[in-house]
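For reference, the structure I am asking about is given below.
Chain naming follows the written order as A, B, C, D, E and F, and within any one chain the residues start at number 1.
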Amino acid sequence: MKTSITRRVTFSAGHRLYNSAFDDAKNRRIFGDCANPNGHGHNYILEVTVTGEIDPETGMVINLKDMKRIITEQVIAKVDHKNLNLDVDFMQGVIPTTENVAHQIWEILDRAFGEGLLENIVLHESENNRVKITR
Amino acid sequence: MKTSITRRVTFSAGHRLYNSAFDDAKNRRIFGDCANPNGHGHNYILEVTVTGEIDPETGMVINLKDMKRIITEQVIAKVDHKNLNLDVDFMQGVIPTTENVAHQIWEILDRAFGEGLLENIVLHESENNRVKITR
Amino acid sequence: MKTSITRRVTFSAGHRLYNSAFDDAKNRRIFGDCANPNGHGHNYILEVTVTGEIDPETGMVINLKDMKRIITEQVIAKVDHKNLNLDVDFMQGVIPTTENVAHQIWEILDRAFGEGLLENIVLHESENNRVKITR
Amino acid sequence: MKTSITRRVTFSAGHRLYNSAFDDAKNRRIFGDCANPNGHGHNYILEVTVTGEIDPETGMVINLKDMKRIITEQVIAKVDHKNLNLDVDFMQGVIPTTENVAHQIWEILDRAFGEGLLENIVLHESENNRVKITR
Amino acid sequence: MKTSITRRVTFSAGHRLYNSAFDDAKNRRIFGDCANPNGHGHNYILEVTVTGEIDPETGMVINLKDMKRIITEQVIAKVDHKNLNLDVDFMQGVIPTTENVAHQIWEILDRAFGEGLLENIVLHESENNRVKITR
Amino acid sequence: MKTSITRRVTFSAGHRLYNSAFDDAKNRRIFGDCANPNGHGHNYILEVTVTGEIDPETGMVINLKDMKRIITEQVIAKVDHKNLNLDVDFMQGVIPTTENVAHQIWEILDRAFGEGLLENIVLHESENNRVKITR
């Protein structure tokens, strides 16, 4: 039996999808409206799941207060109300598709939680699209 | 008794809140993180409500296909995957707060539906904030 | 100041939209895919709102148990897991658009609650379409 | 045309419904399971709607930061993770039905916002039950 | 680490649950209200999840436009606003329980995506019932 | 290929988080507002997932009516509109964190369904926090 706990947070960010190695026509063909030069944005939902044993003294796998603090400091403070292409250090040189944003967030949170605690993250870009990273 | 029908649509857009008549400090004080120079964005939800008599031949106040076509052509095509400050003709010179975006959309849809059909619109900027315009 | 209380219930039903006075082409033109001869269906959500004074002895406008019983007996028992065109007495001779279904439900609930208690009902046909009847 | 802006917040609280003037049987008959002596609880959702003119300098009816601060200080700080019967000053001597909780919150917020700004509040006790207070 | 991307789509369809090898009483006992001869229907939600490597040139596991096109052409066009028992080729001779509909959709999408890309699909029949097929 | 079916149910309950082996300050430090002596409460959502083969005669992994009956009798009847600390036999001596409540529910349902049918359960304490138990 495995126990995991999930914390859901939200952030709003802008982005533009394009590859500078492609010309405009190819960017438009691959990224569609997401290649719009002035960008657009989303209300992202991030779900972070940690797995572990339940501490019998607290009844917790991890204290949600700690979980919330780590996610806020390491991720939300850097992306909320920001432009993912221009304002976010960990997105420099990376096309901000949902897949890539999720991967960068995984790397940050996996280091921050340590000890292989992080089991998966899910990043929703809209009510119809989401990406999951699983260890 | 009054009958109204509501169509819900979504669009994703970027924006930045600032007033060029304010200095940076005042923009930051009033608009907070929303004044970030490189902008951010949202998944907006737009709910459009029309009121009228039910046509006994069709059982409809208005054909949803017509309602959808009008909203798509007049609003969604102009704002979806766009930057509200830079790309949208009807937002030029207007601070893109939810209130102002909703007002501009009301003006467009009120003209498009005509005859006082439009009863209200609701524009959700996030799961926690929304604006309603009522005739 | 006005106080209203809303109860949300769900039901699943089948229907087909067509007017027997129209030929097939006109039915298809007006009702689109909803005219499919073998029908289709929806998970409907019905929200019923009653307005009144708060009884100081109970702290209630109306007891939710009574509200639930009335809605279940008068509406849900007749439409849930039914075909609105063929199985439902109060829909005979009525095109089962969301507008018309809502109107018939309004008439039933207005009689059942009595004394002008019913303020409005909202019937959702899908996450994108809904109809509201207001006194 | 009327413009209103809505802020949605959540809180979790415990409560028990009973009237000390009733005997146990009557409390159970009227309040059902909600009369359980040790109480139970809910994740409440509170939606607060303010109406006004849009300030042309800010594009806002009211600054959402101010709206959030008032709601948090005046309501959420007093009810979140509390027992509505035992811990909340403004609920003393009041049966904590959704109607009554909503009325008390209305009184507090109407004073706090002032000038008739408050248009309505909606308090959701569960996904199926909610109460609306309208000026 | 594994990356998966999910696309959510909706369709509305009618169905009736019964096994022609059973008599009416047995159909009613097993399928309950779902055995109603004239059928009923649902707003189905289909979530399709594909797993793979992120293409460094596009930042994508698969282009969502392709994913959407495949799901629309192969599934939605065949079931939306249809009667699952009578109108859908791939449901002939199959009782349209959520399990069976999901299995048929899995077979179609697994062939369409190819190369073992499809990881799972989830089919929601209502807000309370859903089925998941996992490779 | 694996097929699983999920049933979603809800219940409302009160609780207080504290460990009687800790003093008040430590309880407050670890459990925060959840240590409030008079408790608070939540609308819990419980999702129960069962895995198995589809019976070709019924098209079902398990009859949802049986699934609903087991969950209602074994869990919901014991926790809905109850205080988890004081009223629930299977929570005696257990700190009612979401992790612990989920574990106790898992033990009950695993015995009730038998034969290793239960695959996982998810218990949501709020829209932002949930726990999953997987076999």
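Operating definition for what follows: a contact is a pair of C-beta atoms (placed from the backbone, for glycine too) under 8 Å apart; a residue touches a chain by one contact, two chains touch by 3 or more.
These numbers come from a predicted model, not from an experiment.
Taking the definition of touch as given, a chain qualifies here only if it contacts chain A and chain D alike; those chains are B, F. Note on connectivity: the fewest steps through touching chains from chain C to chain E is 1. In this assembly, the chain whose C-alpha centre lies farthest from chain C is A. When the contact pairs of C-E are set against those of A-F, B-D or A-B, over half line up by residue number only for A-B.
Inter-chain spacing, taken between the CA centroids of chain B and chain E, is 34 Å.
Centre-to-centre separation of chain C and chain D, using mean CA positions: 28 Å.
The residues of chain D that reach two or more other chains are 32, 127, listed in rising order. You'll find the chains touch as A-B, A-E, A-F, B-C, B-D, C-D, C-E, D-F, E-F. Of all residues in chain E, those touching chain A in their complex are 1-9, 49, 54, 57-61, 63-65. Of all the residues in chain A, the ones that touch chain B in their complex are 10, 12-15, 32-34, 36, 38-43, 80-83, 85-87, 126-127. Contact residues on chain E toward chain F in their complex (touch as defined above): 17, 19, 21, 30-32, 94-100, 102-103, 106, 127-135.
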